[in-house]
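Multiple structures follow.
Both complexes shown next keep chain A, but they swap its partner, so chain B is in the first and chain C is in the second.
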Partner chain A sequence: MAMPSATSQTRMELINLRKKLVLAQRGKDLLQEKMDALVMEFFYIAREVTYAKKVAFKSLEEAHRLLTVCLGVNGTLETLQHMREVKKDFKVEISSKLIMGVETPLVTVHAREKKVTERGYGLYTSNPLLDKVAEKFEETLKYLCKLAELESSLLAIAEELEKTKRRVNALEHVIIPEVKETIRMIEMKLGEIERDNFVRLKRMKTLRERR
Partner chain B sequence: MNEELVKVELNRLNMHLPRNRISLMDALRSENPFVITKSGKIHSFDRKELEELAKLVDDKEAEKLMLPILIEINPSLGRGTARISGSLESKVISSILKREPANELLIYRPEIAELRRRFPTTTCYVFISGIT
Partner chain C sequence: MRQKVGVIGDLETIIGFGLAGVGELYTAGTMEENLANLKKMMEDPEMGIIFVTASVAEELELDRMKKEVFPIVIPIPDSRGRKPKVDLTEKAVTRTLGTKVVIRREE
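Take a look at the complex of A and B:
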């Protein structure tokens, strides 16, 4: 049970406390709405993360399988040499989007499908298997960028959700009961004073009548 | 109870709102469409969403449709209920949610979820506290 804070037990204080109670309840309702909205976003993004993870990992697995075959067919040294020759022009733009004040990244990948001649390694010394590996890794990188965007968003939303929940709990279980209890105490006190006055007046009336 | 703290908390709820909204047409013309929020952060719009919205309105309406579209949350409407104000905004949202167009639209939680799923950057929540 929340303990009422030390306040003067007057009618003015009672009016002020009632106003505070309305404010606190309004705040709690709004924060609860925010929490609901955050939960909705959280579950939606969590589902997206699961799907994106599945796609990215499958693609990564396939890329590594192709790379292993390529290393076996072309030889490790040759493949590594070709890998060093690859042009690194994968452009990623990171901006931000806000979900109820939570800053989440918005990753835009500026990469088009490359032709074999655009990758940078020599065609004479390489073979089509290497092209396939490069193509698959380029594709995987896009999926990984999307996954990174979603996972960061999920973490940010989870943090905000925790903060909001703490605030709602503080209002619901500490502040509102405390104000309600103080209001009840003041009402009791004022009621007692009123009854006191009433009895006194009655008594005075009786005494006057007796005289 | 510290009244000021609750007030600060209520004000903080809407810090993600843009200082100035931009029209759909301006957003489409811009290379990097974004708005600056009250907290000074940058909120970017996804081009795919803008293009999807452009399909729902004509050029004249695109000049008038201001982004982000506001989803008003007001506890007095009931928990999980939101309002879309503005006839053009309501028209766009009605066509997204396949509902009868109206001047003011009340939408409910599953519809809010659907709207946010399809348009996460071009829609935004606004919390109406009714307390100044």
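Take a look at the complex of A and C:
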């Protein structure tokens, strides 16, 4: 617990400690407010993530089902070749935004509906199945990018939340009780000195009267 | 500027994402190869998001890796529908709240 002996037990120290206590309590209140805001944000994003995940994974599953059919009909090597011919122009733009001082990513997907002729593979060797697969995967990729943004935001907020919680706990359960205990000790010590003085004066007085 | 997207996964996943126009594609190989490929992509200053299929992610213990905010690395189900065993969202919720909570969102 407290280490009252480490500090000098003077009135000056007492005043300083009282200031420190007020500061610690205000800090705790502020951190607690931050924590509340983070928790709200956390739940909001958690809800979004769950939904986004469901949508994205379902879309991916459908895309894979289509792809399996396509691989079966067109052949794996042929599809692979078409894949190599596709223009690799899928781009995202990533910036960051701050939520309660936490850096979270913001993903913007620059993709529009592509026409069949814009993808880059030859039309003579391919068939509509391949177009469908490509379309579905483009759609899925958009969902997955959104999911990536949300999920990593969630993780960043969770980490910050944990840090804040630890700080609040340290203040609440260690620093504030410690300071309070030290203040109590110093007050007792000062009271003791005062009583000491009082008794000494009384005694002096009686001694003087007796003389 | 971070704008590239990368994938590590099985052949079907690679073909699918390649058809959608993703530039950086790596077929899953041995663990060392996967790790090297992932490192290479993570060190690329233009890389924005890296998708890793569930089995590779588990092999590399992705959820225990210390990572920065960028690039984003997230596990996705592979072509056989195998989902990541450890759901990062669920894990974060459990860690934060101390208990397992099912979060749902009305559509």
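Just so it is clear, the second predicted complex is superposed on the first by the 195 of 211 C-alpha atoms of A that agree within 3 Å, B and C clash if a C-alpha of one lies under 4 Å from a C-alpha of the other, contacts with A are read in each partner's own complex, and residues count from 1 in each chain.
In this text, a residue touches a chain if its C-beta (ideal position, glycine included) is under 8 Å from a C-beta of that chain, and two chains touch if they have at least 3 such contacts.
Quantities reported herein were computed from a predicted structural model and do not represent experimental measurements.
Once the complexes are laid over each other on chain A, chain B and chain C both fit without any clash. Taking Cα centres throughout, chain A sits at the apex of an angle toward chain B and chain C that amounts to 120 degrees, reported as a multiple of 10. When the shared chain is aligned, no partner comes close enough to touch A:129: not chain B, not chain C. By the touch criterion defined above, A:61 reaches chain C but does not reach chain B. Of the two partner chains, chain C is the only one that A:89 touches; chain B does not reach it.
In the superposition on chain A, contact is made by A:36 with chain B only, not with chain C. When both complexes are overlaid on chain A, the residue A:103 reaches chain B and chain C alike. Look at A:185: by the touch rule set out above, it reaches neither chain B nor chain C.
Looking at the shared chain after the overlay, A:50 reaches chain C, while chain B stays out of its contact range. In the superposition on chain A, A:27 makes contact with chain B only, while chain C stays out of contact range.
With both complexes placed on chain A, chain A has more residues touched by C than by the other of chain B and chain C. Of all Cα pairs linking chain B with chain C in the superposition, the shortest spans 13 Å.
Residues 96, 103 of chain A lie at the contact with chain B in one complex and at the contact with chain C in the other.
Chain B meets chain A in the complex at residues 1, 3, 6-7, 9-10, 12-13, 15-16, 32, 34, 37, 39, 41-44, 46, 73, 75, 79-80, 109, 112-113, 116-117, 120-121, 124-125, 127, 129-131. Interface residues of chain A facing chain B in the complex, by the touch rule stated above, are 5, 20, 23-24, 26-27, 29-34, 36-37, 40-41, 44, 95-103, 106, 167, 171, 175, 178-179. Contact residues of chain A toward chain C in the complex are 39, 42-43, 46-51, 53, 57, 60-61, 63-64, 67-68, 71, 76, 79-80, 82-84, 86-94, 96, 103-105, 107, 111, 119, 130, 133-134, 137-138, 140-141, 144-145, 147-149, 151-152, 154-156, 158, 161-162.
Contact residues on chain C toward chain A in their complex (touch as defined above): 1-5, 11-23, 48-49, 51, 69-70, 72, 74, 76-77, 79, 81, 83, 88-89, 92-93, 95-96, 103-105, 107.
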